[in-house]
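Structure record follows, encoded as C-alpha cells.
Order as written gives the chain letters A, B, C and D; numbering starts at 1 within each chain.
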C-alpha cells in the first residue's frame, strides 16, 4: 500500500461531538411501526429465541449439576420436566431452538453466499417449511410420551 | 424491538486498538452455530425422542450417558459452545440496548460471571461425576453399577 | 397564439386518469410550539399519476404553507425526500399514490433514528458524519504517467457499479433496526460508500476503510435484516454489499 | 449547520471571514472549491446539501475530444459548439472549452469518477446531438459517460473530493444578498448575506473573492427538467445589484421530457440509437435534418417535434406528444447504458420501454444566458469592465460558450472547465487583494427583503402566482414565440409582480421556514421571467433556441450580438421599460464566420 495509510488522509472529525439534542425529545404520539422486511421480523424472533434459550441453558446446567448432589435430588427435579405443563414448555423450547437454529443457518448462508443474499426471501420460506416439518416430527411423538400412562 | 429512538446522538465510543472482538465474535457465532446444530439436535434427539422420550430421563439415564467418554466429550462441547455462543449473543444485545454505560458494564459483568461459573461447574460435573455413588438405592442407578 | 398547440391543451396524461380523494395523515412537529409531534389529517383530491410528493405540495401550497419537508429534483435522483410512508422508508417523489392503498389513509412521517427537526425534516449531520468517516474518496498515490486516465477494464468497473448509485438519501440507514437501537452503528449507507471504493481497482485505501469498518460500530453490527435493501430507492443490493465488505475484512483484502 | 463554526455573533448576526466565498455547491461550485480549498481559506454556502444539487440529475455525458474510440480533436469540438450555438458563441471561449475539456475529464477520472470503459480500459464515449466529425460530416463519439448517471457521478466525485480536502460547507444556507462597497469609486464585492434555514439566523460572509455558482432558473417554466430548487437566486441577486445579464432570451427546451411531467430522458437515448416517431410511426427527423437525423441539436429537434404536433401528426388521444422509440435496442444494452431513464418511464408513466415507445414532449431545460463573465470567470459590469473579485461559473454564468443553443454534454463540461478557472482565478485574486470593508449594517438589505415578503396583506398565495407565471411562460415564451405572445406574458408578469407584494407567508416561525423562502424564490423567478421575456421581445430574429415566428430568419447583419440587460431605475416600477435597459455586446468570432446552419 504505497504511501497510503490512515494517517496520510485527513482524519475524520472526532466522534462523540454531537451536542445533546436541542429539543426535548418528542414524546407521543409515537410513529408507526416499521413495516419491515421478513428479514426484520425473523431477526426479532431470532433475538427473542436466543435470549430464551440462553436463560433455559443457565437453568438446565444448574439442574443437571444436581447429579453431583445425589440421585434423589436430580430425579426430584427432573421429575418436574415430565409433567404435562412442562411437556408443553419443552415443545416451546424445541420450537424456539428449532427456529433459532434454522434461522441461524439461513443467516450463515446469507453471510457467506451471494446466492443466499439474492434469494433471501426464498430462504426465509425454506426456514419456515423446515421448521414446520421439524415440529411435525417432534411434537406428536413428544406429547405422546408426556401424556402416556 | 422495532421501536425507535428519536435522538441517537450519544457519543460514539472511540475505536481501534486491541484485539478485534467484534470480528472474532461474529465468526465464532457462525462456526459455533453450525456445530451446535449437530450437538443440540443430537442431544435433543437422544434425550427426548429415543425410547420413551422425556419419560426416560432420570439419574440412571444420565449416569449411563456420562460414563461414556463419547457423551462426555459431546456434552462438554455442547456446554462450552452453547454457553459462550449464548453469552456472546447476550453481550451483543446488551450493547444494542444498554445506552447507559454503567448499566451496560453491570449487565455484561453479570453475563460474564454467570458464564464463567457455569462453565466451571458444568465441566466439573461432567468429569467428576460418579455414576454409582455409594449408598444410593440401586434402583436409582444405572444398571451397570450393580453388575460390577 | 404562438405555440398553443403545444401548451394550451397541455399534455393530457392527467385527463385520462380519474381523480380520487385520499386522506394523508402527516406526523407534524413544530419545534417552536409543540411539545410533541402530532398527527394531522388532510383530505386531498389527487390524480392517478400523482406522487406522495405532489400530495405534500398540495398541502403546502393550498392548505398549510408551514408544512416543512425537503425536496429538490422530484424524480428520485437527489435524495432529499426520504421519509416514512405507510411504515416504510421511501422517497416521496418516487412513490405513486396509486401504488398505495388509497382507500386507507396514507401515513407520512419523518425518518426515524435521526433527530427530528420539524415536520418531515430530520437532522442529517449524524448520517453524513458516518459517510465522511469511511473516507469516501479515491486514494491513489500515483498519477498515470502519460497524463491520461487510469486504465480499468469493464469487468473491474462492473465490480462496484451497484454501490456507485447511492444518492445518500438515508432511507437505508434509518430503516435499519440496529441503527435505531442507539444510532451509533455506521449504518448501511456508509458501508455502501466504503464498498464503492474498497472494490474499485484503482483505489489503494481499501485497508484503511476496512480497518474503520472492522469495528464495534462497523459491519459486524449488521444482522442481515434486509430492511435497507428493501428501502433503497436506487435498488442497490445493500445487504449484499455489506456481506461483501465483511468477507473482504475476513480475507484481509478486497 | 454543517461542519463549521457559528462565526462571531454580533447582535444576533453571525460574521464569518474567508478569503474565498463560493455560493452554490453544484458541479461548478464544488469544482471551484477543490481548486480553492487547499490554497486559501474557503467557505462554500449552499441552500441544499451539496449532493442534492441538480448537477446530479444530469444523465448523458460530458464532451471531450479524447479520441478514445474514434478519431476526434478539439478543433472539431469547437466548431460543433459554435455551430450548435447558432454562431452566437464567443469563439475564443469555445476554444478554451474544447481544449480544456480533455484535462477536465482526466481530472475527474483521476479524482475517482467511475466512467464506463472501453475493452482496452479507457474511458468510453458515446454519440450526442450536434457532435460531429470533420465539421458536420457524421456523428462522432465524444461524450464521456457513466451509464445515464454522468451528472450523479460528477456530483458525487466532486463532493467526495471536497470531503477529502476538508472543505467548509454551510449547507442549507440561502444566500440572499451580495454586499458591494465602493472603493476608490468602484463598487467591489465585500461579501454575501445568507439565511440559515435551520434557525432563521442571518450570516454575513466576508470574502475577498466571491464566486457565484448557483445554477439555472428553469422553474420560470411549468414543464421543466429542472429541480424545484432551481429558482435562479444567484442570477436574481446579481441582477438586483444592477449588474447586467446576458442573452437571457435563450432558454433551451430539451426535446425528450416525459410527456406531462417534464422529467428528462437523456439525449443519450438517441445517442445509443433511439428514434423519434410521430403518430404514423414515421422517423420524422429524416425530413428536418437528413444528415444527423435524431442527433440534431436540441433546438432543431424540439422545433421539429412541435411542428409535427401542430400539423396533426402528434400521437396519443389528443395528438399532443410524439414517441421516443428504443424498442429495437437489446434489453441488455438498455440496462447497461440507459438504466435510469427507462426506470423513469416505468415509474412515472407506467410505460415499458423495452416494448413500448415512450411519450415525450419538449421540456424547459437549460438557461444559456446568465451572469456575463470573461473567459477567466470574472463577472462583467459592462461589455468590457469586470467587477474585481466577483466570479461566476456554471449554469448561472454566461461566458458565452453556448451561444443561443447549448450542445448536449457541453454543460457538464462548462461547469468543470469554468468552475476550475473560477477557483484558480479567485485564489490568484485573493492573494493580492485587500479586504473590502463591509457596508454599515450589512444585513439591512436582506431584512428589508424578508420584511417585504412578510409584510403584505397576505391575500395572494405563493403557489397560485407561481403557477400562473409558469403556465403563461409555457404557453407564450416556449419553443415558438411571437411579439404578441411575449407581450401577453409580459403583461401578466407585470400583474403578478404587483400581486406578489401581497404574498402570504403562512409560516411565522424561524426554524426551517421553507414557506418564507419559497416566497423569496418566487420574487427571483418573477424578476428573471421579466428579463427573459423583455429580452426575447427585443430580439427580432430567430436564432438557436429563440424562435420568433414573426421573424423566422436569422439576422446576422443586425443581431449577431449578445443581449445585455441592465436593471435601471426603480425595480418596483410596473412597466418593464421603466427599469430594464438593453444593450448589445459583440460576439467574438475567430475561425468560423457565420454561415447557414444545416444538419
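In this section, a contact is a pair of C-beta atoms (placed from the backbone, for glycine too) under 8 Å apart; a residue touches a chain by one contact, two chains touch by 3 or more.
Per UniProt, the chains are B = Succinate dehydrogenase hydrophobic membrane anchor subunit; C = Fumarate reductase iron-sulfur subunit; D = Succinate dehydrogenase flavoprotein subunit.
Quick caveat, the model's predicted, so the values are computed rather than measured.
S.K.: When contacts are scored as defined above, which chain pair ends up with more C-beta pairs, A-B or B-C?
M.R.: Taking the two pairs in turn, the one with more contacts turns out to be A-B.
S.K.: Just by CA atoms, which chain is the most central one?
M.R.: Looking at where each chain's C-alpha mean falls, the closest to the middle is C.
S.K.: Quick check: how many Å separate the C-alpha centres of chain A and chain B?
M.R.: 14
S.K.: How big is the gap, in whole Å, between where the Cα atoms of chain A centre and where those of chain D centre?
M.R.: One centre to the other, that is 55 Å.
S.K.: Indicate the whole-number Å distance between the mean C-alpha point of chain B and the mean C-alpha point of chain C.
M.R.: Once rounded, the distance between the two centres reads 42 Å.
S.K.: From the mean C-alpha coordinate of chain B to that of chain D, what's the distance rounded to whole Å?
M.R.: 66
S.K.: Please output the residue numbers of chain D that touch at least 2 other chains, ranges allowed.
M.R.: Touching at least two other chains: 164.
S.K.: Two-or-more-chain contact residues of chain A, please, as numbers and ranges.
M.R.: 9, 13, 15, 18, 21, 26, 31, 33-34, 36, 40, 44, 107, 111-112, in rising order.
S.K.: Which positions in chain C touch two or more other chains at once?
M.R.: 31, 112, 115-116, 125-126, 132, 135, 177, 211-212, 246
S.K.: Across the complex, what residues on chain A touch chain B?
M.R.: Interface residues on the chain A side: 15-21, 25-26, 30-31, 33-34, 36, 40, 44, 47-48, 50-51, 53-54, 57-58, 61-62, 64-65, 67-68, 70-72, 74-75, 78, 81-82, 87, 90, 94, 97, 101, 104-105, 107-108, 111-112, 138, 141-142, 145-146, 148-149.
S.K.: Looking at the complex, which residues from chain B come into contact with chain A?
M.R.: Counting only chain B, the residues touching chain A are 1-4, 6-7, 9-15, 30, 33-34, 36-37, 40-41, 44, 48-49, 52-55, 57-60, 62-63, 66, 79, 82-83, 86-87, 89-90, 93, 114, 118, 121-122, 124-125, 128-129, 133, 136-137, 140-141.
S.K.: In the complex formed with chain B, which residues of chain C make contact?
M.R.: Touching chain B: residues 112-116, 126, 177-184, 211-212, 214-218, 220-221, 246, 249-250 of chain C.
S.K.: State the interface residues of chain C toward chain A in the complex, per the touch definition above.
M.R.: 27, 29, 31, 34-39, 84, 86-88, 107, 109, 112, 115-116, 125-126, 129, 132-133, 135, 139, 141-142, 175, 177, 204-205, 207-208, 211-212, 223-227, 229-230, 237, 239-240, 243-244, 246-247
S.K.: Which of the residues in chain D end up touching chain C in this complex?
M.R.: Answer in residue numbers: 1-2, 48-49, 51-54, 56-57, 105-106, 109-112, 114-123, 146-147, 149, 152-153, 156, 160-161, 163-164, 198, 223, 227-229, 259-261, 263, 306, 309-310, 316-318, 320-321, 340, 344, 347-349, 359, 361-362, 461-463, 471, 474-476, 478-482, 484-485, 488, 504-515, 518, 549.
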